[in-house]
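Note that the chains are named A, B, C and D in the order they appear, and that numbering of residues resets to 1 at the start of each chain.
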Amino acid sequence: MEYTREELLICAIARMLDGCRNIAVGTASPIPGSAALLVQAISNGAAKASILGSNIHNPFNDGGPELFDRAGQGRVDAFFLGGGQIDGEGNINLVSTGHYPEPDTRFPGSFGSGYLYFTVPRVILFREEHSRRVFVKKVDFISAPGWSPPDVYRPGGPYALITSLCIFIYDKKRHRFRLDGLLPGVTLEEVHDNTGFDFDYPDHIGPVVPPEPDRVDLIRSRIAGEIAETYPKFARDRLGWNG
Amino acid sequence: MEYTREELLICAIARMLDGCRNIAVGTASPIPGSAALLVQAISNGAAKASILGSNIHNPFNDGGPELFDRAGQGRVDAFFLGGGQIDGEGNINLVSTGHYPEPDTRFPGSFGSGYLYFTVPRVILFREEHSRRVFVKKVDFISAPGWSPPDVYRPGGPYALITSLCIFIYDKKRHRFRLDGLLPGVTLEEVHDNTGFDFDYPDHIGPVVPPEPDRVDLIRSRIAGEIAETYPKFARDRLGWNG
Amino acid sequence: MSVPETYLSTDEIASSIPDGALIGVPKEDGGVSMEITRALIRRKARRLRLLTVPVSSIQADMLIGAGCVAEIETSGVSMGEFGYAPHFRRAVENGDILIRDATCPALYAELQASEKGTPFMPLRGILGSDILANRPDWKTIDNPMADGGGDPVVLLPAARPDFAIFHAPFGDRHGNVWVGARRECVLLAHASAETLVTVEEIWDGNLMEDQHMLAGTIPPIYVGAVAYAPRGAWPLSLPGSYERDGEHLKSYLTAAKSKDGFAAYLDRYVFSKEGAA
Amino acid sequence: MSVPETYLSTDEIASSIPDGALIGVPKEDGGVSMEITRALIRRKARRLRLLTVPVSSIQADMLIGAGCVAEIETSGVSMGEFGYAPHFRRAVENGDILIRDATCPALYAELQASEKGTPFMPLRGILGSDILANRPDWKTIDNPMADGGGDPVVLLPAARPDFAIFHAPFGDRHGNVWVGARRECVLLAHASAETLVTVEEIWDGNLMEDQHMLAGTIPPIYVGAVAYAPRGAWPLSLPGSYERDGEHLKSYLTAAKSKDGFAAYLDRYVFSKEGAA
């Protein structure tokens, strides 16, 4: 079966969400949102997707604090974060480069990362631009650290990092990323060349598991329409939605 | 003008509420409730009465915590408390007599007293039964203390104590009650005989100021009907309401 | 309007509440599920731990009288203008139940801490009271925000009931429950592990899709089970629907004066399910 | 439906907000009063301190661009899918405004502390971040509820805005304002000294007496002033009423590329009060 890069990533993320009951997706996240809707669709009601900006796919109704409160209680199983910079220990920077508070480049801000990275068990980092500008040795500002000392209450943290080149899995014991799969046509060398931090990798690094055909069908038949409510342009341009 | 004991007390309390903007009245408090409604009526909208149990006289709508939150912010100016026991320092006991937690007599419980006595500037203690059983030397259980050490944040506290015999004013500096006025026909000796704690009194103790005739008219014409919504039996039996 | 298929009976709900459970219940006029209360007595629940939000009346008193309660955390149990709560009073005086005295906003704060998933909530007041002196689980610290130390503040630990139990005006067939402006029920649902609800009426449509109803709705993510129980708060009130039944409350107090009287009351109104007139 | 006599104009409301005031505003889809925002720019407000609840977009960016802002406490300012917020970015990069970076739930917690009148609110997370490292007003203590010490927790101080400012779907002639399920507006109103609101429509009747509307209503005790401003959130959305005007937001970003372009934008849409198509 032929598939697109988007379908590959959606299915790869969906596998990471296996067993999650409450999956929350923040702003500007159409691919994670599609994955969450896919998991919801195949779960027979066991999994709930909360898509920020959707009027339909939102199990919450009690205002801004509610998602954070539920995460604080351990009721949110998975969330997605990005970063203007991400380093090899999983630290993320959504604030600025250079010397804070007089930065070289200012990003929008940390949003909920300083909390959700601690409280949500599976945080999947999703950053398509795979470059040494983004994946740095050490972030200039820590919006949220990748790991914490043992006396810090922290049920949550990074689970994986997904880019336009590859998928890393985060090793919580070693506080390091391990390369888990390459996207079609990508080489290990290419990943090394574009990554500013050290990472682990096995002797034989394979491709990302191809998407399951029945799930690709589901994406095309149902998920494209569901995500179109929140991201019509993405659904049209990248999932071929013609609703 | 002739007046009843209820009209006398309502007007006496209303004078104590002068200048208050938000007056809250708790459970089982028809006389304080009538006084709060009287102040609201003569304030031209400046004073708001919040009568627990009323569907009309309630400026709040956000559930149980709201009154306490507003009190915590300093937005409630006056409140009323009673007590199974009250002592000469203004300590109140709404929990039990004897040795806690195996009491001789159990009362219902402290309700909001442990908080509102600290946060509401003018707490008026209202306890009609004037006896040595109620007004004791030292309460058996402190639901809320009459005063606190200087390092305790405490904008609130007792302002007066009103009984079926007299009115005391609380001296915040000396932590003692001072007799301020006697109800018609009551003597100083009678107050002494029925009070278990020491209190101050001036050389010449006068009667409680008689009610203002225009306010008595207002009680009979309007307030009786307003309080009847929450306390119909009281309004009928003691204010002569015939709605 | 038919009852949604997913709904349970109140007896099924009561049987899902194990002995020893920590149960959060609203105050008298806050939507008390007297139907689940009666079903708990029918199933002879034992060792329940009650958390009243923040006070209670006949609900706590009946459960105590029927021997269902081991422990109660409360700011007050009273029959209001009708007098003392007789079983509560007797049980505390006799040491038959463990009492954890509180003050209203402290109970809200304990639930708010649970709602936020934060370990404690600070609250002004309470200092120097015997409430605090008898609560080793409540801690006092000097306000870390104050310059120069001092300024003690009480910290209340998070309280997470196993079950929130209440009666709501509406439920729909999508698992939503509408409590309107009774925010203490929303708080209780958020703070508890699971919420069990009886509803007065079935709402035709989806409460989460009605812009006017949305603000007062508790969505299915919090709701463990719903039962249809018209007049389910009786003899208490459901504000907006019916007043409390004062005559019945008086007859309850008369019955509660004696063991036999209370047994006869339970036979008639709980075991035989005789309801409101 | 006539406008209630007690209502003010947005310019009257803006003139009641002094320079230097601390202003709390909701996020992009939370009912932003762009009308009061434009009126603040018209009256040349200066040295405002913004508290975004918890993030902002064109509202903060326009106020910064027009020179109204000295300081901002925020978890993020962005134009979302349209890109960066240009004036915010430039002002921070040039050091023209003081930035107090936060994370969303910390801002809610600061307001919740103010809502309760408690000096601080504890919150999990944040530890080890440079957000915390740059906030001397946020304190860390070991959790007093933990056995054996350790377990650090961050405490956020209460934040009390001088004014909460937002746009609501309904106002009535009794001073009530209806925000529906947008609880962050309720929180902001409770936490602030005074609330200033524009309303989209006039509600016929009393919102506090409508059992269905009651839960989403903010009563007059919190509301300092109301103005009638149809499409008052434009070019942002008022969920349930209208979508945001994406084309306008793009044209704003084009205009904001240059000083002259932004001046022309303000002339047209703020000083000449040209509104939505």
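Methods note: a contact is a pair of C-beta atoms (placed from the backbone, for glycine too) under 8 Å apart; a residue touches a chain by one contact, two chains touch by 3 or more.
Predicted model, so just to flag it, every value in this text is computed and none were measured.
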item: Graph distance between subunit A and subunit B, where chains that touch are linked; value: 2
item: Whole-Å gap between the CA centroids of subunit B and subunit C; value: 29
item: Distance from the mean Cα position of subunit D to that of subunit C, given in whole angstrom; value: 36
item: Centroid distance [mean C-alpha coordinates] between subunit D and subunit B, Å; value: 41
item: Junction residues of subunit D - those touching two or more other chains; value: 116-118, 123-124, 143, 151, 153, 181, 183, 186, 214-215, 217
item: Multi-partner residues of subunit B (at least 2 other chains); value: 61-62, 65-66, 69, 72, 119
item: Topology of the chain contact graph, where touching chains are joined (line, ring, star, complete, other); value: other
item: Each pair of chains that touches, named by its two labels; value: A-C, A-D, B-C, B-D, C-D
item: Subunit A contact footprint on subunit C (complex, rising order); value: 114-118, 186, 190, 208, 214-215, 217, 219-221
item: Subunit D to subunit A touching residues, read off their complex; value: 26-27, 29-30, 53-55, 74-78, 80-81, 84-85, 88-89, 92-93, 95, 99, 101-106, 108, 112, 123-132, 134, 143, 150-153, 181-187, 239
item: Residue ranges of subunit B in contact with subunit D within the complex; value: 22, 48, 59-62, 65-66, 69-75, 119
item: Footprint of subunit C on subunit D - complex, ascending; value: 109, 116-124, 139, 141, 143-146, 151, 153, 155, 157, 179-181, 183, 211-217, 240
item: Residues of subunit B that touch subunit C when the two form their complex; value: 27-28, 53, 55, 61-66, 68-69, 72, 94-96, 100-119, 141-145, 148-149, 151-154
